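First subunit A sits with subunit B, and in the next complex the same chain sits with subunit C.
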Partner chain A sequence: MVLELQKPRPVWQIMFSTHHTDVGYLYLVFGITFLFMGGVLAMIIRTHLFFPGQGVLVSDSATFNRIFTVHGLTMLFLFALPVANGIGNILVPIMVRYKDMAYPKLNAIAFWMNPVGAALLWLGFADTTWVSYAPYSIIRAPGPAADMFIFGMKILGISSILSSINFVVTIVKCKHPDLPLRRVPLFAWSMLTVSLMTIVAMPTYASALIMMLTDRLGLSGFFNPFAGGDPIAYLHLFWFTFHPEVYIFLLPAIGMMYEIIPRFSRKPLYSQASGVFAFVMLGIIGFASWGHHMYSTGMDFTTKVVFMIGTLAAVPASGMHVFNFLATMWGGRIRFAAPMKFAVGGIALFFSAGAGGVLNSAMPLDFISHGTYWVVGHMHLFLIGTIGFGFVGMIYYMFPYVTGRMYSEKWASAHFVLMFWGTVQTFFTQHLLGLEGMPRRVYDYPTEFTSWTQLNQISTIGAWMIGASFAIFLASLIYYSAKGKEANMDDPWGIGGKYYYPVAAKNPHGGHSGY
Partner chain B sequence: MGHDTAEWVFVAIVIAVLCYVGVDSWIVQKAVEDVPADAEVIKVTGQQWYWSFEHADGTKEISTLHVKKGHAYKFEIYSRDVMHSFNIPDWVVFEDAVPGHTNHAWFAPDQAGTYPIQCREYCGLLHYNMRGSLVVEDDKS
Partner chain C sequence: MECTSKQQMKTLIAVSIIALVALALIPQIVHAQLAQQTSAKQYINLRAEVWNEFFRMTTAAFTVGAIVSGTMIWLVWRFRESNPKNKAPTKWEHMDDPTAGSYEEEGH
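Let's turn to the complex of A and B:
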């Protein structure tokens, strides 16, 4: 990885820069900031649910509903997407050996739409849940919060379409002529896949948002049953975008594990071809499964079967990634430095989450798990377990290259142990809560089911461990970027330089000259 | 075993497991959706934030539903405002109440007792409190 160290510059120079690494840093700082803001909301939610009762921490359900809505929106659109884009911005041009992103100004514009969207989401603080199902979001959700949510999501959607166009053009058209597409490193492949998926999926939701807005204004009745519309239509449009979007959040994290695992296993990747194949498969099959979110909406038997097959069809491709990781590690001289710990932990949780996903897609079991805490546990195993672990591993991995200093391996281990244990305790327990029948998105739960109280308390203690682990993370990021030991830039972990294969190729355009 | 063989064996095992899951859930779901012909219809209406019920003989109930053990019941589920989800977790009765649509679910309780009824789709302010109870009584007749 050739990330040249730069002299410290005033912040405004980075902010107004269009250079890909600078925009990447902006994305990273933005995303990590919102990781902690969303995390604070998560701590409030879990602490509130420690005891059954109305005013445990949050005094009324209106506020509580707003908190879990904004927690979801923040973690998905203000943390997961920006961090993936940031790391993509920094690495993809280097991986395809081009001097910058294809459209540097568009790149900066796409980033600067994010703070605007974030401001609308946070100042509005809507209570529609992140899915904002019609007709609640149309006839009952209080404004102006719900309208600000619509405009905020609209802006974030446009931003992600713009950055996706940029990634696709950079990878497909601007890569070095000597570099065939199939040899492009797998992290860049993951960005290419998710960018193509975004371009196909996102316009559907953008149009649904406009329809929701005109419905709210009373100009139309697309999703409003009291004006002749159909709420189920909203669900189809929403999940047509957001089931693929699940893979859009997920695949960059898988791509990051492909960066980390071969290097720390000191072995070449088991199979580049199978990684590319699995990405492309997921990119296509991801569009065949949105209906599994809607089994219980009165869907007929045949449609359910079609969507179940579509969902199950995505599993072998995910399995190929896991196989590829394990086969790469097999027989390698593994160095369990922080990035590798997080990558391996992420694979384990990815496997658990995927196994739970198979059960969700099976029609009769979905009627037990749907809308309960099972689903909350399941998707958090993907979001924290896979995406969070992949991203955190990658951030530790890039730390010496970005700051020129080394983080503390001891504190990183403490972070890993707390976060892994906490994730397992919080979200595996929530699966059990779901089987006990506790619905999701509830402000309070009855006292008469003692098992609900016990499981909620176990889950909350796990969440506090995750919170503590991220406090360690924040403190190390700040402290060691200023006071850490100088890193050996050729080989920060002492694992032997020759494993830094394709990215080490020198940028043919002479590196940084674009300021 | 070569590189490719190992991976193909792995993929084949995964696909075999998935086929089993798919076929088994096809069989179970087919059986679950087969409503008995003699099932008595109960109309269920969800609205913010309670459930109301109307039996075939015209009796109406709010929040608490009384049924008889050993009979089959078919729920016709409506909503008067936003989306709800009618759920009796202990009897795996679960179907969304969507305004403008009528959805169906059925069950045949074979054990007397009181069971919770709840809403499992976010429906606003008091979604957490949209609860009721199902009372299954012994059939004396």
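Let's turn to the complex of A and C:
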């Protein structure tokens, strides 16, 4: 069977393979490894902020800046994107009934650019923040760290574009002739949408990186105010790419929930068409809202209103996904195995994060919350609450198919409870910290502000719970992939039905009966 | 007539381009018109209107939020398989793949 690792192979066979499942495994191992590396940095940040004025773990602010910069870069570009690509690599060719990705060698090359980019980001350990604000990043940021950041991001960007081209061609051109595009499963639709978005968005940031590099070398002054340049121009270029990138991180997680929720509700998806429509809408609207990151930069009133409306336009499309999930669960007989727990938890947190986003998008409130811990809380509620929960649920879902063994449902439940509680405690509290006025990206805060101390301590305890939950996750992944009970590969959770997507690979004639 | 995926893709790309062009043009047109006629007083009034709109939206968002969250909690409780009211298999469970297709394909 294609997906199993039941018969161990030498590692080099997987490493030098161009087969889509092997490349998918490589992406997954890479992404999960960096999840834990980025997670360790997060624990350092939160533990450091437990006591004000102590310098508990980090002795100086420059090191602190480096830690949160690399934490952000790691979680976004070395965890979220690779894991989505990994699961996409494994499932998309099966879903469109093709033997592999359209360009297998290009696929492997796109993966192997990731370790190079990761090495540059981690060895450089830049202090520019993940946004890499000009003019600091071009005038003051110490090299070679900032230069390594630019080259690392450049390589990761090229990798993203190559893998996106591969996904688009695989889904649009290589799908089975009997399978109309509108019937392609929604996870594949999510990968198609984010791939098209990447192809449109990423070149802008690629240009900004080149401009930043030439500015740093003194050859140009695009963003350098001393040379007549405009730092705000960098922000426009950055957010034109990275607001859509938010959806590029998010939509695969929603696609994964579409795979999990009907399966564990034991009934068909409520509406394929509304899912497709909502993905396409979010793909377009994602480009209409980058200005909301920059309300406080002196943008004129009308433009701000337009970006406010553009941002709010994402609400109906996001709501369509939520209602589709709820309508699918309605009337089902739901088995709350680990993947379903994480999917439902992810929907609840997606909704909460979305509610915060509505408030963020309103410019009057944005002026109050801008640059505060509110933004940190909001962003992380999306990233961990939706993307993290979707990805972790999908990893549990894939576990028996990849390893041939079952994980422990008991430990997975412990993981879920700790992670859900920890996420709520950490990031809801950070919203309150923001409303109390605590700025983001600070190394220390005054001891006199007792409410800041209390809220930081509550948030840090929540972060430790998330850390503990991921320690359980790591131990489970390692232990049960070697010692777990053998899984019933036709129906690992005993919920009925024979043909799951991963299993469909070994049933070329049976296939997925609905498609 | 069944559309081919190539046609669908072309339609999708065309709609996306039209939407992006519209999104790029509308702010500029609106801005050009408002810039000609907005006085300082109107500017302040506009700000007050935005706050007003914000509170309305917040009220609507939290009302919808409370309903959706409540519905989700009820769904989880009511349709869990361990609920005594939910012992009988669903009508889709006899199929090889209960999740195949969607409501739309069944004519709902």
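Assume the second predicted complex is superposed on the first by the 490 of 515 C-alpha atoms of A that agree within 3 Å, B and C clash if a C-alpha of one lies under 4 Å from a C-alpha of the other, contacts with A are read in each partner's own complex, and residues count from 1 in each chain.
Convention: a residue touches a chain if its C-beta (ideal position, glycine included) is under 8 Å from a C-beta of that chain, and two chains touch if they have at least 3 such contacts.
Predicted model only: the values in this text are computed from it and were never measured.
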Subunit C versus subunit B on the shared subunit A, clash or fit after superposition: clash
Touching partner for A:Val305 - first (subunit B), second (subunit C), both, neither: both
Subunit B versus subunit C as contact partner of A:Gly53, first or second or both or neither: neither
Subunit B versus subunit C as contact partner of A:Tyr443, first or second or both or neither: first
Subunit B versus subunit C as contact partner of A:Thr297, first or second or both or neither: first
Touching partner for A:His370 - first (subunit B), second (subunit C), both, neither: first
Partner chain in contact with A:Val344 - subunit B first, subunit C second, else both or neither: second
Touched partner set for A:Phe336, first subunit B, second subunit C, both or neither: second
First (subunit B), second (subunit C), both or neither touched by A:Pro115: neither
First (subunit B), second (subunit C), both or neither touched by A:Ala62: first
Colliding stretch - subunit C into subunit B, listed as 26-34, 44-52 or 62-70: 44-52
Common interface positions of subunit A, toward subunit B and toward subunit C: 270-271, 301, 305, 308, 312, 315, 319, 323, 358-359, 362-365
Contact footprint of subunit C on subunit A as seen in their complex: 172, 175, 180-182, 196, 262-263, 265-273, 280, 283-284, 287-288, 300-303, 305-306, 308, 310, 312, 315, 319, 322-323, 326, 329-336, 344, 347-348, 351, 355, 358-359, 362-365, 496-500, 510, 512-515
Contact footprint of subunit A on subunit C as seen in their complex: 2-6, 8-9, 12, 15-16, 19-20, 23, 26-27, 30-31, 34-35, 38, 43, 46-47, 50-51, 53-54, 57-58, 61-62, 64-65, 68-69, 71-72, 75-76, 79-81, 86, 89-90, 92-93, 95-106
Parts of subunit B lying in touch with subunit A, wherever the complex brings them together: 3, 6-7, 10-11, 14-15, 17-18, 21-22, 24-26, 28-30, 32-33, 48, 81-83, 85, 87, 89-90, 92, 94-96, 98-104, 116, 118-129, 131
Residues of subunit A that touch subunit B when the two form their complex: 61-62, 65, 127, 129, 133-136, 139-141, 225-226, 229-232, 270-271, 274, 296-298, 301, 304-305, 308-309, 312, 315-316, 319-320, 323, 327, 358-359, 361-365, 367-368, 370-372, 436-437, 439-446
